[in-house]
Amino acid sequence: MVDNLIRTKGREGRRGYTLPKNDVDGTSLEKILPKAALRKEKPRLAEVDEPTVVRHYTNLSRQNWGIDTNFYPLGSCTMKHNPRANEVAANNPGFAGLHPLQPEAQAQGALQVMHELQGFLAEVSGLPAVSLQPLAGAQGELTSILMVKKFFEDSGDHGRTTVLVPSTAHGTNPATASMADFKAKEIGLDEHGCVDVDELRELVDETTAALMITNPNTCGVYERNIKEIAQVLHEAGAFLYMDGANMNANLGRMRPAEAGVDVMHFNLHKTFSTPHGGGGPGCGAIACSETLAPFRPDPAVEKDGETYSFVRPAQSIGRVAGFHGNFGQMLRAWNYIKMHGPDLRDVTDMAVLNANYVRARLGGTYQIPYDELCKHEVVVQPPKGKKALDIAKGLIDHGYHPPTIYFPLVVKEAMLIEPTETESKETLDDFIGAMLELAETTSEELEEAPTHAPTRRLDEARAARQLKARW
Amino acid sequence: MARFTPHTDDDVREMLDAIGVETLDDLFADVSPKFQGELDLPPALSEYEALRDVDRLAKENDTGLPIFLGAGAYDRIVPSTVGAVISRGEFLTSYTPYQPEISQGTLQSIFEFQSIVSELTGLEVSNASVYDGANAVAEAALMTARLTKRDPRVAVSAGLNPRYREVIETYRVEVVELPFEDGTTDFSEVPDGVSGVFVQSPNFFGVVEDIEAASGAAHAAGALCVAVCDPISLAVLEAPGNLGADVAVGEAQPLGMPLLFGGPYAGYMATDQKSVRQLPGRICGETVDKDGKLAYVLTLRGREQDIRRAKANSNICTNQALTALAATVYTALMGPEGLREVAESSVSKAHYLAERLQASGFRLRYPEAPFLWEFVVELPDVKKANEALLKAGMVGGLDLGDGGMLVAVTEKRTKEELDAFVGVVANGG
Amino acid sequence: MARFTPHTDDDVREMLDAIGVETLDDLFADVSPKFQGELDLPPALSEYEALRDVDRLAKENDTGLPIFLGAGAYDRIVPSTVGAVISRGEFLTSYTPYQPEISQGTLQSIFEFQSIVSELTGLEVSNASVYDGANAVAEAALMTARLTKRDPRVAVSAGLNPRYREVIETYRVEVVELPFEDGTTDFSEVPDGVSGVFVQSPNFFGVVEDIEAASGAAHAAGALCVAVCDPISLAVLEAPGNLGADVAVGEAQPLGMPLLFGGPYAGYMATDQKSVRQLPGRICGETVDKDGKLAYVLTLRGREQDIRRAKANSNICTNQALTALAATVYTALMGPEGLREVAESSVSKAHYLAERLQASGFRLRYPEAPFLWEFVVELPDVKKANEALLKAGMVGGLDLGDGGMLVAVTEKRTKEELDAFVGVVANGG
Amino acid sequence: MVDNLIRTKGREGRRGYTLPKNDVDGTSLEKILPKAALRKEKPRLAEVDEPTVVRHYTNLSRQNWGIDTNFYPLGSCTMKHNPRANEVAANNPGFAGLHPLQPEAQAQGALQVMHELQGFLAEVSGLPAVSLQPLAGAQGELTSILMVKKFFEDSGDHGRTTVLVPSTAHGTNPATASMADFKAKEIGLDEHGCVDVDELRELVDETTAALMITNPNTCGVYERNIKEIAQVLHEAGAFLYMDGANMNANLGRMRPAEAGVDVMHFNLHKTFSTPHGGGGPGCGAIACSETLAPFRPDPAVEKDGETYSFVRPAQSIGRVAGFHGNFGQMLRAWNYIKMHGPDLRDVTDMAVLNANYVRARLGGTYQIPYDELCKHEVVVQPPKGKKALDIAKGLIDHGYHPPTIYFPLVVKEAMLIEPTETESKETLDDFIGAMLELAETTSEELEEAPTHAPTRRLDEARAARQLKARW
């Protein structure tokens, strides 16, 4: 069994890049350091020429599907079109060449981008204060919950030990609570798949620090009692945090602040079209109320007259990133929002239209556990006797990236479909056609799928059992 | 209508009919409280206008100049091929490779990244990247607590990048300080009960530290040793795994990522095989498909938040796949000899500059300590010097606020630039 | 060793052994006369150094300013998507699609380009692009001779871009001149025996010409009518095929190609079905594969130089596939409505500028002639005006050398820029 | 049978791009032009959204092979690695935004690039004068022959009616001669596949204007008598033109001027690595002697002190392009040459090494009609009973782009293999392995190939018979 790793394509002495000749006669390592400090064996890295590098990684890319190649309705991931204009923006040498520690006076353009983006996110959320620093959605969550933690610590309220998490939540939510030294407590659902307000009233007490809500939730259902939920929490002195992963359903239609949300995170790589890049980098900017604003990470950007500067919020939780955050993603999101302005609402409208269309057309064949208006995504279940996994792999043979499967956990054999607003009706119709066809395909046939992909189904158990994670 | 939605009026009509509602508003009947107004955002711009603004603001930044700033982000050469590869749509617009059959490109590139990290650090396993160097350090601090079953409490010195230390503290890890003198850390007295001992080498001030001493001291105290290393330095310095480090972490930015005002970069983490289950984040492993064909897949998922939820090692899920790919392509282009040349050229140039500065009468803060490409020079007025440098078309070093300037020199700097730097500083800049 | 050759010393040795020679020099034993010296070229630079030179020289050009120059190349908006698509390695680094099984990407894009040209021109068939607009004109001149079986002799007026005329003449076609007055061509007397009559509309001075009159006159003289059209104008003007033109040609640069100091651009040519065998260059046609699957292939190869050699229609072989692809992607993004909007916006802005200039006391050379986005204004000193415009951060129009400035206005120009132009010119610039 | 054209993916009213709003109240077309001049029916173009455009053309690209994806030993095309540095150079906005008619003072950077490139090509060829204007190799040929034509016309020597073309020549050579109003006369080969000097002596007379030679010729064989050939021509008052398509075999090893060449063209897209782009754009720069220099196209670039300017050579044949030529390709080639300097000779050495290695390894199984030293390419013939076409299609299934087949015409079942210098020994070994395996594969099996490509073999006759060249 031969692998195709870059290292197999080299030969000792090959070089893929030529550096400028060193034009000074400085010192050598041997003169600076004792022999013991120096490397004895050279690392076993690939030694390859540039043409081989280009061909190797070009061909690797061709083993991948992306939004650019296929419909990619991966629920809760918002795989919308990534405009190339954003890439042009991020590659501008006037930004790409800027060192993060250049004095503010040398980086006014970059600071203006950040300041404007802060304002845009404040407007979209209705919350007055923003931090762009968190490097991913999960870190945005953590930042938010750490801010809540520090609020109580600085208030001397040491009894706030619990964070409530609905059973539909992303796995990151309970993990985040733990990382911030809270106990995560699960809360159940009502018949609509929404947070059970009665249970909430019972659970909330003086140990409650916050509830982490996702709205619309991971079933794609709007949390219709969110305002009441916020009231219950606020009356108990607790905060409402909103996971903004699903903000693509809310733009211009609902502002979290008005629903009582105290702090939330955004995924710039979901809602605001920065590319997912095979799993990152992202940007998990947060927005919060005046109360929590002093706890934001260091730094935030302020404007004084015509000058932009970094400031450390008074009771900052500190830094969550080495520098100012994933500036490249901020630049992309800023550019995206500027290309939409108030038309951002259309983004949400079309995303919700697309999801409901899929819901309407799949219903009858697929089971829809919460068959009412959905928002930007819809959870469905395969017809009796069929497995979500098999349908998913069958979709690959039809040329569609599968939806998210087996999530949310509260729905058996869940398939979470998020079409996004950038897909056309024709694409949805073709996808629906494939879904309906797969519903009729025998399980035996489905179990063989995929047969038209770069690989067939993998032996995942073997990977864990005989761990081999390097060449 | 927004820019990237294909819906015509007819499309909308037909879809609303299929759903069985009258208007788009009806789709939001369940939303409460509704936002009724119009978002107060600047009017929508065309792509052309938006990009003109990008150009305009880009000109408000001082770029395109020789940069002598380092302190965790380095102005190194990025080969053109790196950008060409990572902008391939299939890499750029794919998600975390949950469906391995159609994600082998991303998966194999992650496997290669892990392999490179393992090779450079001399440690057996690596994960599929964390957010950045600072977060790799903080995650390593938490990892030492899990592995030693102690409270998260780590010993660090002033030689650790202060920004890394800040993130450790944000992550609610207690920090105890080790003595730091003449540019290096004194590991002779590690406080009892710490879960980890950190050693950054080269350290924040550019000086090569004694990882072996750090790991010896850590192990004697029942703690783990975490080495924080610039990956370029590992082309020439002994691998931390061979010096007793249990975990090695760092910032991968020097491997082919543009400065971009601080990110996106990528962190790296490596450890030994027995600690693999305490690594946070994704790990990609080798396996076979149904036909016996070799393939790659995310593995040991049981550690992760989407399975273990509150009991996960970390909440990390999205990783830095694309920047890790940049590091992978960069390393492939350079190879071990290219990396060595980058390191050696930087060392040579930095020492040339340090010597020229000393010859001009300036003192190095740690004249006896062995440094690679970064050093502290004492100047009468660092702020003034940096202003003079900017005026002369250069970005000066980091003002340490105490009369010291932390100067970084990469392979990109030319003799002409180094001489110009000395000229400006010597002329009372 | 050169930069992109993978050969190690061992590789070279093993290969020489397999060949059965001792040294690399032996591989050139048959070469006579041998070049014995070293090429007198500047020493090899690394990629980084070479690109630094590119940056340095780029700064020696005046770019990034509003441009009022046209005369055959236009400063139009190029969507970001165009560059992203044409830089895909599979398009960029492939050859002419001689092996259709692995070239359907290029082939289908050529088929789409041909279709776009046919739609815009109202003519039935198009080829897979010629070098540029000037060469399309020259090839059309030769084509009229083949089709009419007359000597290559064509009638043109001063309204034809003089550079196009020059290329016609280089191609050894005789040119006879038609009268040109008040901005338009007088087609009433076409000389006997010409093979073709050319009508450029909008013409070199921006004025819309009467293609119907031209074709009527041409046909009456037994000649063919060749219309030369800016493709953007065809979004709003009647298609030349519907006005009697036998051949339509032009420059596709306005469809998504950057100015790039004059190239690469792409020419286009279209004609009616019965003349297809006299078209030069590649034609891509639809067919099926062995399994009946629809596919595309280069066809009617019998016209081409690699089959017919000395009897070919033209020596053209390499075509402009990549720039034709740019035009195809651009047109897909714009659609018919977008093209119309580009045209209408340019017309509106050009007329605004012309009116403001007239209001400031300047005369248009052809005040009665209907123009689209280009016009001639009479100025006291065109050279001085252009110098003043450059000083004010603008690139002025083309100095016709006779007191006239040919001014082009595209959709890119803003009101602010147009007003600034008037301001500079009115202030005696 | 459904097509997959972009037009099928649209719907009336969709838009893929948003333009800036027109901010002036200028006039409208209806006010300017009579109704008859205006378009009545809108062209039937695709009406699609941007995401669809990206996905459509991305997937189209994936139907293609390029150097970036596969070994591409297409003889006479020099499919070498295209460095990405060249693309970075050509996309620099300081060049990309430059209008060709900006006054010379505004374009000194671009003129310097052109002037330096002229110098580089002069040095490589040994010929003193260069024109960069021809837009492709075929146009470089035509330019050269038109210069010869004008030389004789301006000299009043109207009897020079013939151009000699070897039977191995590219089809463009005789076509070029015809376009320049010469009669092309074919000349035969000696036993080495080279121009037959004896026949040449017989053919050359006072009607001969030039011989068009390719060196090394299209069999990959060096024209060993080139100096003698030049002498024969020069004695008769005729010129020697060299087709420079194969210059990749000559860099730093042979300078055409020293062999007596009077005028030649380069293919910047072959020898100097500018991308082929699916068949263009290229650049067919020419170099010539002092005698022919005054006939070069208008303009050439000159340097006076520190200032660069365009000049029209005194007896110029005129323009062969609308502007100054394919400047983007010049920029790439200039950058490539600067990255090599005198090391250009290594390019040639490795190209010739690779070709001879293939020759040595295939010999015995494949027939080598001229089995002596080859230069940068080698012509081989399949084993008895096998067709070049079948071997070619079989190579596709092995992952290799086929060599050029049925060319040169003088070799039956010719397969012209040009590996180029940027391929590694391992790649050649694998390719050779595939070639040897195909030599053993039955013809019946081969006739089915390719089976692993995006399409199978096409019905080419149908395409011509039922011409459909548009949607």
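When the chains are written out, they are named A, B, C and D in that same order, and each has its own residue count from 1.
Please note the rule applied: contacts are C-beta pairs under 8 Å (C-beta built on N, C-alpha and C of every residue); 3 or more make two chains touch, one makes a residue touch a chain.
Keep in mind that what you see is a predicted model, and the values were worked out from it rather than measured.
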| item | value |
| --- | --- |
| Of B-D and C-D, pair with higher C-beta contact tally | C-D |
| Chain C and chain D: spacing of chain centres that average the CA atoms, whole Å | 19 |
| Chain A and chain C, separation of their C-alpha mean positions in angstrom | 45 |
| Gap in Å, rounded to a whole number, between the CA centres of chain D and chain A | 47 |
| In chain C, residues with contacts to at least two other chains | 3-6, 11, 44-48, 51, 55, 64, 77, 79-81, 83-84, 87-89, 412 |
| In chain A, residues with contacts to at least two other chains | 11, 13-14, 17-20, 48-52, 54, 58, 62, 67-70, 81, 83-85, 87-88, 339, 422-425 |
| Touch-based graph of the chains, sorted into line, ring, star, complete or other | complete |
| Contact footprint of chain C on chain B as seen in their complex | 47-48, 51, 55, 64, 77, 79-80, 84, 87-89, 412 |
| Of all residues in chain D, those that touch chain B in their complex | 11-14, 17-21, 48-52, 54, 58, 83-85, 87-88 |
| Complex interface listing, chain A residues touching chain D | 9, 11, 14, 18, 49-52, 54-55, 58-59, 62, 67-70, 81, 83-84, 339, 422-426 |
| Contacting residues of chain B [partner chain D, same complex] | 3-6, 8-11, 44-49, 79-81, 83-84, 89 |
